[in-house]
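What follows are several structures.
Each of the next two complexes has chain A plus one more chain, namely chain B in the first and chain C in the second.
Up next is the complex of A and B:
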């Protein structure tokens, strides 16, 4: 089929390997993402905190620099599990912002323009289509969570020596699994919403709402009933518990209330309540359930044509 | 030789509603027309062949490959032009077609080359850098055709390709389909409710009605079979001697009015023999018609036939 011949002809050249075909989708989608100056700027801003963290690690091991800046090493944050958990929390928040901006149109735009039959009439399964779309979010969020996290870890290990590395080797697992849990949760939620809602703005709003509304409601429940059970409906709190668990910082008792309480439920009553966080396994279960619901929704909604029975 | 499409007791049910009911048959034409009134199951059949809906029972094969078990191989060999507006937003047409080529397995570099070629082929060469969402309806249809042929499939499925097109664009689309058909490198399955489109492009038809196979016939054979019935309109000369001479060739004839002659041609007689006889007897042949069933006749007969399921092929007009 040459341009000058204007004839139809079959393609007889080489082909991609079948397994890697789904990677075409993120390649095109990422090109679209980085066409936007706003998204590129936000993506670059997401590396400010890792840069600060790297500088902190460097300062810990450079007496000359500390002397020059007139800082005592004890004034700096210690490079330990808490340091990396905070890193994950900060980068996790940036990851959430980027997901709200990037992920909602990924499937909804295809639904709005009836593009799904075009993808699915090719040698590409529905699972591969979803994996391709998910790869866009996974790549972007990986670049700002576990990839810089592990780079900083190994930077610290190179400066702190083998003893530090052996003592903290388990943190590699915590950084990677903690990041991937968050990435998978965000990408599945965003794609599931994107497959239900055809309008980008509504999809972004729904994703924001899904995180903030239950969190706010959970906090109200916690305050009214003097409990921590409200965290069960807050994805932020649930994920925080998992991160604390992975970094060995999880404690169940996070407070106690004794004496007279002035709130609408216990108005003026004298109480003695120990505030217990939900068990760690419950947090894992909640995240697994949310992911399972998202996968079920995607399996129902990502179809070439919706059949009305 | 492997059939283009084989249907084997193919049934599809949505909920409790049967949409396709035990379809059987083999389709071998270069361009196969899929006809039927609205709701007959044409689009469902196409979607089932593409693996969008699983068959409730039975199966189908495309070039010998099962649509359920070899779904990916089937889809690699097929190009599909959907009925509705379908494109990827915020993408220039050349990038859209290139993406589709890459998803079909063509490496990036070749995909770009093929995308340019496909767009020039369908006549969108000059507009290929414009976003598809800015195209007119006719241009979008051509872009959909380009993405369907960019990977050089062996079977091209066109679902209502001329829907909503103005006459010049329609005739361009039809001529492209005929070009591809005549090139012989790809088979075509064309679904349409416009009999004229099917008649112009297809050599075999499959008529569906209420999910049943109402007719399956080869239009070429149908045309050949009907070639023997001829109606002539003559002027001047010795008409009586002319018709006697035709009779002498072994053809049965009947006179109709003062100028018309109806005759049944023998296998050994050619049209040129009629002209030769007309010249010998000074008769002008002003009009020569093959009296054959039009596609409309075939379609209407199939529709009148009720919902009786039909298996295999019928070429005898008794559809």
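Up next is the complex of A and C:
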């Protein structure tokens, strides 16, 4: 019988370049995501609206199809800033649903498994770990927001001609930045919650609550006090303002009501109350603050060991 | 061999670079160079106002070195400092010449095996090891080869593609170990590796540690199962309340605890006679007849002299001696003596 002596030496070959090492995390995580039939189905469903949008763009430039349908799509739904803003809103909603399903376990599972020391005892920093986890959400959400958004934009440009392209070139920026703002906000919020809550269901619930409860409360404030300041606490409304701003559709006055005021000067007269949205810069500031708080939370919670005092 | 008697400085009394014989034999020279040691220089770690470890000076040589102490004594803190998972409040740490502040350098040399299972749901042994090798930066082909080698080393090749959730505790421990040695590090840090294992699995894991140590690796193990540490370690570091109270080879440490005389049990036919004769010598501190009256417990401050006298007495009185054995030079006794003596920090 042959007897072989096994000798093990340290690996001396080349390893990945340091900057790309964190990409191993999303690669494995995405594999897990697409193992789930439910998540894969939802991800595919997220492409229905881009498909419809692409068909609408095609119809705009196909006289035969328009004649056949006997609908004036050009007047009904022009391909302009408003079209792409609506696209972003719809896809943004789907992005939110996918984030609620995919993101909560990303960090919480590692915390529950005590796996962070194993990640961090490699040449991988805490920042790279978070970036790796964030890349999972960024990839999935990019695939359904700015990537199809830009494809539709260029599809329209190819059919609409150079004149349309030059006139609307700025929308590339609006589509990309608007999508990325939403993606970064969602991914940071989801990861921050994931780093605090170890249970997936609770983390998903917390993320849903963070968007819907303040929005509902903000609307109550708006109705009760005849104002639009309630939008300040609604991340939906804040993001919508930013999108409108990016597509040049932002208007501060979004309504006016007649109301009686008890002010002695008016003495119970009915006056017009103008409903003003918060300034655009305030919306940017709110999103920046929320992101900063999330980063701070991640910096505190993503550690190899939790020090309990 | 260095019981630490001063709590503030924690300086070893022997010259740096003195190791237990087994470990020293593996070291390349009598005084190994900086690059051949794991060194802690005046290292302290505070969690806010809470002390983790204080002013630790250590030199760890190849072989199995066990960090011993109760919960909260600073074992895990020392390990985390070594692996760079924690930053020291003050002092300097060097692992074979690499600083924990330089992950690229240190993690090629160091492997870490945590005390937790840390297995993702549905993971196979192979998948688990491969994933962390990929995070480490290895390419696909190298990852496959290194995973195969690691599984082979822990004798887990046959179960490599089975789900870890179906494994016994011993098998899981072997997978964790494979994960930590997969990139062929020189230093292996193992946090409570024997926790929760049945005796068979423990024996198996200890045998594996011994093999790795004999291959020239540095194994730093934390444990509070003293008799097993005693059995497998080349040297021990005894910790208490964040201080190193002693370091070195277990029996060497015992020899240097002067305030506690060595206790020896002599099983013989006439313990009374033996007791009377031994008490004539000043180094005998205490003698107590065993409950079954077939043995004698002796406490002596000078064991070498005692054994000479014992031989003489046995010959003179023609005593029938069954056995002579020290009863308090195990790690448990050493640890108890150190933490309750003035030299310790109890």
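Basically, the second predicted complex is superposed on the first by the 282 of 309 C-alpha atoms of A that agree within 3 Å, B and C clash if a C-alpha of one lies under 4 Å from a C-alpha of the other, contacts with A are read in each partner's own complex, and residues count from 1 in each chain.
Please note the rule applied: a contact is a pair of C-beta atoms (placed from the backbone, for glycine too) under 8 Å apart; a residue touches a chain by one contact, two chains touch by 3 or more.
None of the values given here were measured: they were computed from a predicted structure.
Overlap between chain B and chain C is detected when the two structures are superposed via chain A. In the superposed pair of complexes, A:120 makes contact with chain B and with chain C alike. Applying the stated contact rule after C-alpha superposition, one finds that A:28 touches each of chain B and chain C. Once the two complexes are overlaid on the shared chain, A:304 sits against chain B and chain C alike. After overlaying the two complexes on the shared chain, residue contacts for A:220 are found with neither chain B nor chain C. Set against each other, chain B and chain C differ in how many residues of chain A they touch, and the higher count belongs to B. In the superposed model, A:109 makes contact with both chain B and chain C. Superposing on chain A, the segment of chain B with clashing C-alpha atoms against chain C, chosen from 239-247, 275-283 or 293-301, turns out to be 293-301. In the superposition on the C-alpha atoms of chain A, the part of chain A touched by chain B in one complex and by chain C in the other spans residues 6, 8-11, 13-16, 18, 21, 24-25, 28, 109, 113-115, 117-125, 304-305, 307, 309.
On the side of chain B, the complex with chain A involves touching residues 14-15, 17, 47, 50-53, 72-73, 75-76, 78, 80, 82, 84-91, 95, 99-100, 102-107, 110, 114, 116-118, 120-121, 125, 133, 147, 149, 151-154, 179-180, 183, 185-186.
For chain C in complex with chain A, the touching residues are 47-48, 50, 76, 80, 83-86, 103-104, 107-112, 114, 116-121, 131-132, 134-139, 142, 146, 149, 152-153, 179, 183-186, 215. By the touch criterion given at the top, residues 1-3, 6-16, 18, 21, 24-25, 28, 32, 109-110, 112-115, 117-125, 303-305, 307-309 of chain A touch chain B in their complex. Residue ranges of chain A in contact with chain C, taken from their complex: 6, 8-11, 13-16, 18, 21, 24-25, 28, 109, 113-115, 117-125, 304-305, 307, 309.
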